[in-house]
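Take a look at the structures below.
One chain, subunit A, links the two complexes that follow: it is found with subunit B in the first and with subunit C in the second.
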Partner chain A sequence: MIESLSALDLLLAGGLVAALGVVQFWHGLQLTRSLLMGSLRMVAQLLLIGYVLNALFATESLGWVLLMALMMLLLASYEVIARQKRRIAGWQGYSIGLLSMGATAASITAFALLFVVQPAPWFTPQYAIPLLGMILGNTMTGIGLALNHLTQMAASQRTAIEGRLLLGQTADQAMSGLKQDAVRAGLIPTLNMLAAAGVISLPGMMTGQILAGAPPLDAVRYQILIMLLITAATGFGGLLAVHFGARRLFDGRERLRLERLAPPKR
Partner chain B sequence: MIKFEGVSRRFTNGHFGLQNVSFHIPEGRMVFLTGHSGSGKSTLLRLIPALDQPTSGTVRVGGHDLKRMRPHQYPKLRRQIGVVFQDHHLLLDQTVFNNVALPLQVTGYDPALIRRRVEAALDKVGLLHRQRARSIELSGGEQQRVNIARALVNRPKILLADEPTGNLDPELSREVFNQFADFHAIGVTVLIASHDLHLLKTFAVPRIVLHEGQIARIEEAY
Partner chain C sequence: MFAVRAVCAEPGFSAAYQPVSFELPASHILTLHGASGVGKSQFLRALADLTPHQGEVWLEGRALSATPPAEWRRTVAYIPAEPAWWAETPLAHFATPPPAAWLAALALNPTLLESPVERLSTGERQRLAVLRAVALRPRVLLLDEPTANLDATNAAALRGFIQTYVQEHAAAAVWVSHDAEERRAIGGDSVALLAEVPS
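And now, the complex of A and B:
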């Protein structure tokens, strides 16, 4: 009963984007090229991952699943740091991303597989990879926003922070307000997602499941599970990242070390 | 009290903010730090409360080598140093009283003691009657005097000031300097960076003259 899509079906949808490109070209917008490249890239990436998943699902081997998970984790932590306006320079920046994301996304995915979803075997790739992917995607955004807030505020409020240090506050005391703000900034997309779920937007995963023929209530249950997992992962991930990030901004002498941030990028 | 031994500070861009600077200010002395804009005065002052560290050489404050202290000693050191820095401003949405009380609240003193100390400090700078005003309502000169009261409320052993008269008229500037001299008179070690030579010359206070990060000369008081 699942309506499978043929290549022709997709070409029809592609026609819409092509039409958009033509209209933009007429209007002299310089966007046609990026639109074309973006669409082609998307198709290539998705096809590639489709084949990879196909192969992965066929093997059902823990080693391959872990390797895939590790690659996703590395890519995501690279993305977190690369997108920062003022990233923490050097390997420390990347390891803060990797550590906070690995510690939360990986352990929460494992938790969900072992105790909640309980497929047999627990690492069944049909469950493990999409779960990890969704959790990673969201923690990546949350941690990125939290770290971005932290480093930018630390740089712009240098004198206020140093003023507090001069009053005899410890680095922790001097940063406490800023750290709270950063954690909050990282959670905002998640909070918005929770508020909008089902009312303003139908979550993508649920929509996909329903389109693929699953009964709506089953799809809803999975969606609720995913959202709870995402909320926990972004929350804990943000806390960890802000904690490690703030520590990196100070040294053992309770001094603010802004030179540990890479120069601003636009 | 403050001792620099061969201190250099090289910034990440390769520029030397300070180069091989040595001097000693004994306890209870008052000294001016002067030199053109960009000569390294602020760079030097930031090293004393360990907000920054030299790339080579040793800074000693109160007998401690600032490189060799335990982490928890740095906040304690900073509480013994009052600072009036160029770019450290008041919390403008707070009252004058709250601004001055800040350093004491950090140390967790009893509120009655805080009140007495804050009022005494504000009295010294002639602003006791404005204690309930919000800081934003004060003139630039008054704000600067609140800054000074805040630097002194903790009864520091050392007072550092960076261009404390930056935006004050000559009369107020003189008043601010007189206040520093008063604290010097009760035993506080005072180091003031300023390029207001006109004003400095009217005080019988030794001067360290910086030029491009190095000590050009030390002029004794006359």
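And now, the complex of A and C:
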């Protein structure tokens, strides 16, 4: 089993960051404060989720697991839209995020639990929550990048898109190249992850399982599963988000409606 | 053949000009003028159904609102004052290459078709944009100052080309021109676009 860490152990590691803060202060860098706040915030967030997971694991109730999953999904769809340079304004933007993540990350997690991992019961929170978290985190990044690419390119290439419409192209035809680019942009981190796995980086979950005493080959098998699930979720999520996002940019008369994007964020 | 009834801007979308109505028989060109910024381009965009607008437009008895948008824009071709080019060469923007006679009529060298777009002059691009639209055999041309960057000779050549197309195909055109002399040379009716008086 894993060596348990005491509060003193963590204080020792915190001492390293404190030392960094002191050195930065000497050099007149204005980073000490952000360093302190960032570290404290991280500790608070992780402790909080630790207690939440503790309570959740104790209940083993489907209702609470679903509630937690829903919270994660809502937070992820908010984050994915809020970080956009030019987000799709209004509730439509958030619902595109929610829909494309719910339809992929959530259903792929359910698929993995029901047919692949098969814990008993299938919603065992020790499996369900971390699995959803990992898939959701990656899907969120992918969908965010894809939508960001889509909306920014649509705004900067407005005259070209309208030029295509004027030659009698449908909205789908006028957007096809741009949509492909957006889907590709969303998949780049996943493709990098696949290429780097085990060669450049030891994936976090595998490392964690090995630290916890699991045989490396078992850990590797789990990691392969996760990466395949992440790739599928990110890919399908990007496709869905770009499809719905591009549709939102046009009205029923196939007119490009850029006023549906919020003003650019600095 | 081309009927426009009470078309004006959807509030909040563009400059507010007074509602426009006219009926344009086949083989006719209507010229359109108005003060700078009154919304002439916005009006043409409305006729091409590129922006939300009020009023209704009919082409040969068929209403804009009853026509699929892509089909409407292919048959009612709007050629903006600054046409967009997205592919490497002009030729890539044509479904079928333009006939040599058209290029000759507009004094365009055929090699221009395969030159990088950014190496063409503004006037060359403007004339090629007209050809690109006309190649789709539209029924109505919406022209936004198509001769703005052309010298007198080339402007007259383009005018002749468009007049010939409209005559030969029993088509029609709405031509925005700020130049009274040009409007006289085009002939036909002229309409002034007026700014909406704030109430």
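We take it that the second predicted complex is superposed on the first by the 265 of 266 C-alpha atoms of A that agree within 3 Å, B and C clash if a C-alpha of one lies under 4 Å from a C-alpha of the other, contacts with A are read in each partner's own complex, and residues count from 1 in each chain.
The rule is simple: a residue touches a chain if its C-beta (ideal position, glycine included) is under 8 Å from a C-beta of that chain, and two chains touch if they have at least 3 such contacts.
Note that the structure is a prediction, hence the values are computed from the model and not measured.
Q: After the overlay on subunit A, what do you see for subunit B versus subunit C, clash or fit?
A: When both complexes are placed onto subunit A, subunit B and subunit C end up clashing with one another.
Q: Is A:Leu166 contacted by the first partner subunit B, the second partner subunit C, both or neither?
A: In the superposition, A:Leu166 contacts both subunit B and subunit C.
Q: In the overlaid three-chain picture, which partner chain does A:Arg253 touch, first (subunit B) or second (subunit C), both, or neither?
A: both
Q: Taking the superposition as given, does A:Gln157 touch the first partner, subunit B, the second, subunit C, both, or neither?
A: Touch partner of A:Gln157: subunit C, not subunit B.
Q: Based on the superposed arrangement, let me know which partner A:Leu31 touches: subunit B (first), subunit C (second), both, or neither?
A: A:Leu31 sits against neither subunit B nor subunit C.
Q: After superposition on the shared chain, which partner residues are touched by A:Ala55: those of subunit B (first), subunit C (second), both, or neither?
A: neither
Q: Looking at A:Val43, would you say it contacts subunit B, subunit C, both, or neither? Reply first, second, both or neither.
A: In the superposed model, A:Val43 contacts neither subunit B nor subunit C.
Q: Using the superposition on A, tell me which residues of subunit A are in contact with subunit B and, in the other complex, with subunit C.
A: 159, 162-163, 165-170, 173, 253-256
Q: Any idea which subunit A residues touch subunit B in the complex?
A: 159, 162-163, 165-170, 173, 252-256, 259
Q: Give the list of subunit C residues in touch with subunit A in this complex.
A: 48-52, 69-71, 73-74, 77-80, 82-86, 93, 132-133, 136
Q: For subunit A, which residues count as touching subunit C in their complex?
A: Going through subunit A, the ones touching subunit C are 157, 159-160, 162-171, 173, 251, 253-256.
Q: Contact residues on subunit B for subunit A in the complex?
A: Touching subunit A from subunit B are residues 12, 49-53, 66, 69, 71-72, 74-76, 78-79, 81, 83, 85, 87-89, 102-103, 106-107, 154.
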